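Alright, structures below, take your time with them.
The following pair of complexes shares a single chain, chain A, combined with chain B in the former and chain C in the latter.
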Partner chain A sequence: MLVWKIAFRNLYRQKSRSLLCGSSICGAFILFSISLGFSDGTYGTIIRMLTENHSGHVQIHRKGYLDNPSLHRNFKLEGELVNILREHEEVQSWSARIHSAALMFGEHKSGFGRITGIDPKQEEQVTGLSRKLESGRVFEESSDREIILGSRLRNLLKVEIGDEVVLLGQGADGSIANDLFVISGFLKADSELQEVNRAYLPLKTAQEFFSLGSRVHELALHLREDGYAREQAVEIQQKMPHEELEVHPWQVVEEAFYKAMAADMEGNWITQLVILFIVALLILITVLMNTLERQHEFGVLLALGTSPGFIFRSIVLEMTLLGCFSVLTGLLPAYALNWYFSQNGIVIEPAMEYGGMVFDQLLSEPTLSSLIIPAFAAVLTAFLVALYPAFKAARSVPVEIMNQA
Partner chain B sequence: METVIATERLNKKFGEGDLQINALREVDLTIQRGEFTAIVGPSGSGKTTLLNILCGLDLPTSGEIRVSGKPLSSMNGTELSRFRRNHIGLVFQAYNLIPVLTVLENIEYVMLLQGISPRERKDRVRDFLGRIGLEGKEKRFPSELSGGQQQRVAIARAMVSEPDLILADEPTANLDSETGSQLLDMMRRFNREQKMTFIFSTHDPMIMERATRLITLTDGKIVQDERRE
Partner chain C sequence: MKNSIFRHVFSSMIIMFSCFCAGGTVATAQDARELLGRVDRLYRSNSSYSKIEMEVITENWERTMQMEVWTSGMEKTLIKLLAPRKDKGIKTLKLETKMWNYFPKINKILKVPPSMMMSSWMGSDFTNDDLVRENTLADDHQARIIDHPEAPESYYEIELIPHKETVTVWGKIIITIRRDDLMPVSQIYFDERGVKKREMEFRGFRQVEDRRIPGVMEMRTLGKNSRTVIRYLSLEFDPDLPDDLFSFSQLRRRN
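And then the complex of A and B:
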């Protein structure tokens, strides 16, 4: 109790010093919190863009497809599999896809494009295909000769909506696949890089074109909660009707992207640690000055019979309390700033590309972790930084420091 | 008579080589319970050094010292700290009250460290506040008191835990003569009433007048030891 009283009153007594030191801790806390908020926000946006515009949260493939995507590694979309997905509560929607490639011919130009066959209704629920359109419309499920082109293909083939393109590819049975399609829409020019060279066909048309019958390459699943893709992939895998089907979360499906992002996040942590280190130095200097000025006082306390442990505890407690007060003071501004930046992101001009995703503003995300981690770090820093000066003061020889003072 | 302090061939040296100073030389001293002793001598004669060694704030270069029968030389910092807390009261020239504690808290500080019960502390503090004439000022902080009042609190802090010995280093040096005289009378009264042992290091004639024993130090040696009653 006495040690708390002395620690509290010393903080109050040294108002300007406490204010200076507390402001540094508070400032570091807010800075750290905003930085984490932007980090969470940016990565959250990127992950959402990836999962909600392209991959979905979880995907089902035939074994080996991810490592070696081949026209022949496909599976039949059977009633049993569909029932499993329907009954799994966490799965909100899914979209069956086939993937291949084909040569494309416009009236004057030709090029190479990636072909994805989709059920437009299913795809709308997983990735919102209509949101990605710059012009035209999404084809109907029944329209068997319509195609949507990515922006690069549009520029390459120099075609417009209503124009015809010829696709030339290879069927799963070895036959030459070729057919004529009418362009129903174009994807946005600023959509993800993997979309610019893509052409969408109705699923049944694509299956027929590539001689796949009722088989597909991929089921992209959209989950109700986007943070549990790994856990859900494991659960769904256990329910698969046969071993040939593999279930993977988006982190595995987009492994290269995920690894790059994880490395980037680690780099971000190093930046945060540098900020903390600078603040820790500032606090250390302040505490050292503080203890140096109070040497005479510590000498008196020791002379009166105060134990070195008591002095050590009082200094450490004083700084830890200051850390706590500073964090409490900074909580509201940190949350408010994170919230503000989540509503009014910082515009990036020109738009930035990250792992194939293109985004034009940095958004913060006021998460609990963007408050708790910096709070814990700030208080821990104050505590750790106080250890050395406290140890030094507690180990002082009273008569020496009283004479020096 | 009970011996409170016994020193034998006490020496203290500062510095090294040609710059070495012998602050104390072969000091043999015995203090009995209830003595009101003044150690006097010119500046640099070793008074404060002797006082620091007597309370375990400093260690002798050689020689033996026992306070209340306990040898101080063999104690480490923590043991010395505990020993001072339980056996010695200190009064400093500059009062040295704890600035963040009130009058009441300063007086009970050592008792808190000793683990004396709150009720006992309260009774003793109330008693001392009356005896030093600071009733009604118990909630004030040191900065709100005059020098004389602060020194009264410092004396109360030193005495309230009922130590075997009170060491006072120039306790009147920063006070006007009237305040100094009042404080000395107060300490002499405690000395008579409670057989408390006092040792002063001083230049102050008022202390010398009241002392029952006058020890004169010159160049670190006891050159005169006069008992008066």
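And then the complex of A and C:
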């Protein structure tokens, strides 16, 4: 216990020295925390944009659809499946979709677009389709003969709201799907890049158009908690009424995007390690200064018969305690700053594109990891960087260091 | 010149065989080219009208269509879908080597581009190219009679290798014909690597006017697990057809 008393006493004895050294550690901790907060915030924003604007957290498909999407890889949206989803507490909402492609003809121009059939009410709950609209409105019923076009299709076909477009595609029964639709709205030009070439049709209309009956290609689920997509996918899979149905979290559905993001995150950790290294250097310099100016004190202690081991332990403990106090002091400001930047992001001009999504603001996220990791790193660094000066002080010859001092 | 309905509707090979069907007296023909040429000359008609049922069966779906087909000479064909209700009124017009589809629901005539010629026609195992091809097997291929591997005494087997200048995706075609009445039995298509890709079977032979024809033809696309069965519900040779039948104005008429 004596070593603890000495360590505490040393910290308290020279308040200004402790304050200066602690401020450095505290500052480094806050800096590291904000850096991690922005990292978590940016990736979190991207994931939310992906899951809440397009994919949902979990998707259900017929086996093999993800690897080889085909008009024929569909499944019937039966009551049993709907009941399972209704009874699963973590599923907040879901949206049934069909996907295909079609040639599109405006009055004078034509082009090729990706077609997605959706139930407007379901889709609103999962991805908030109305938020993505630049103009016009979302069709109200899933049997309306209306269409919403992405910005690129709008420019390509040179059409306006209320105009008619002709769709020509392949029906699931081999027939040539062809029909006229009235444009009810346009998607924002800055919505996800994969949306710009997409056209939305009401689900029942699309099912009729592509001769799919009551079959769908995809069920996109929105979960209450967005961090447990993998676990929920496994749980829902076990409840599936047919073996032919596959349940995948967004990480699998958007595999290419997720892998790119994971690689990017790994790269980001290198940046974080560099920041950590700078923080460690800062703490090392402070600790070194702290111990060097106390050379005389250590010499006296050794001359009085204090064991080198005791001096080593007291210095290491003192610095570790200082690290702990600094982190505790920095917790609140670090959280507050992360929270502030989560509400008031840094605006990016011009907007950036990442994995098909466009975002114009860097946001922080006050996560637990953005506090725990820097806290652990700061204390550990204080402990490690104290080892060398402590070792040096413990191995000193009293006469020499007292003369130097 | 006479002309069989089959040629105009689906492919030159079908045409040739429908000719064969009516040509039961050509039993002594020994040379493949002479045989094909003779058939080509003998069985052309000025015009035809037929009602056809086409059943397409794939591993994912099945569909039965009914259609009316008018032909004039080698160059003109008009097909109009009668059923299913969803597709009723869709028409295909072929003039020489060009082809257009008319969709009444959108009131649009669309030309089939060259890039789509090898695509399926109405989801069947026949391609657009099968419909428009005007060439005859005899003219475009080197033909020779080979021994039928299983029953040479009952069947002729003719091997057709395309000439260098012939534009085709097939590397070889094998035609099997019954020796006794010269009825076609099958026609097998191979790609350039010698892999069997499509197989056509003829059956349901019947008498129509003064000709004997296969009433049912089944085209199987190998490796795709799909087949298309064509059944002739009625067939009329050399009817009087209006002059403007094969025109865009008629194509656009919704009746």
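Assume the second predicted complex is superposed on the first by the 365 of 405 C-alpha atoms of A that agree within 3 Å, B and C clash if a C-alpha of one lies under 4 Å from a C-alpha of the other, contacts with A are read in each partner's own complex, and residues count from 1 in each chain.
We take it that a contact is a pair of C-beta atoms (placed from the backbone, for glycine too) under 8 Å apart; a residue touches a chain by one contact, two chains touch by 3 or more.
Everything quoted here is computed from the prediction, not taken from an experiment.
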Chain B versus chain C as contact partner of A:Arg13, first or second or both or neither: first
Partner, of chain C and chain B, that touches more residues belonging to chain A: B
Which superposed partner A:Arg131 touches (first chain B, second chain C, both, neither): neither
Touching partner for A:Gly305 - first (chain B), second (chain C), both, neither: first
Chain B versus chain C as contact partner of A:Asp173, first or second or both or neither: second
Touched partner set for A:Arg224, first chain B, second chain C, both or neither: neither
Which superposed partner A:Pro398 touches (first chain B, second chain C, both, neither): first
Chain B/chain C common contact set on chain A: none
Chain B residues within the chain A interface of the complex: 52, 55, 57-58, 77-78, 81-86, 88, 90, 92, 96, 98-101, 105, 109-110, 112-113, 157
Of chain C, residues touching chain A in the complex: 56, 58, 60-63, 84, 86-87, 90, 101, 103, 105-106, 108, 110, 120, 122-124
List of chain A residues in touch with chain C within their complex: 72, 105, 166, 168, 170-176, 178-180, 211
Footprint of chain B on chain A - complex, ascending: 2, 5-6, 9-10, 12-13, 296-297, 300-308, 310, 395, 397-399
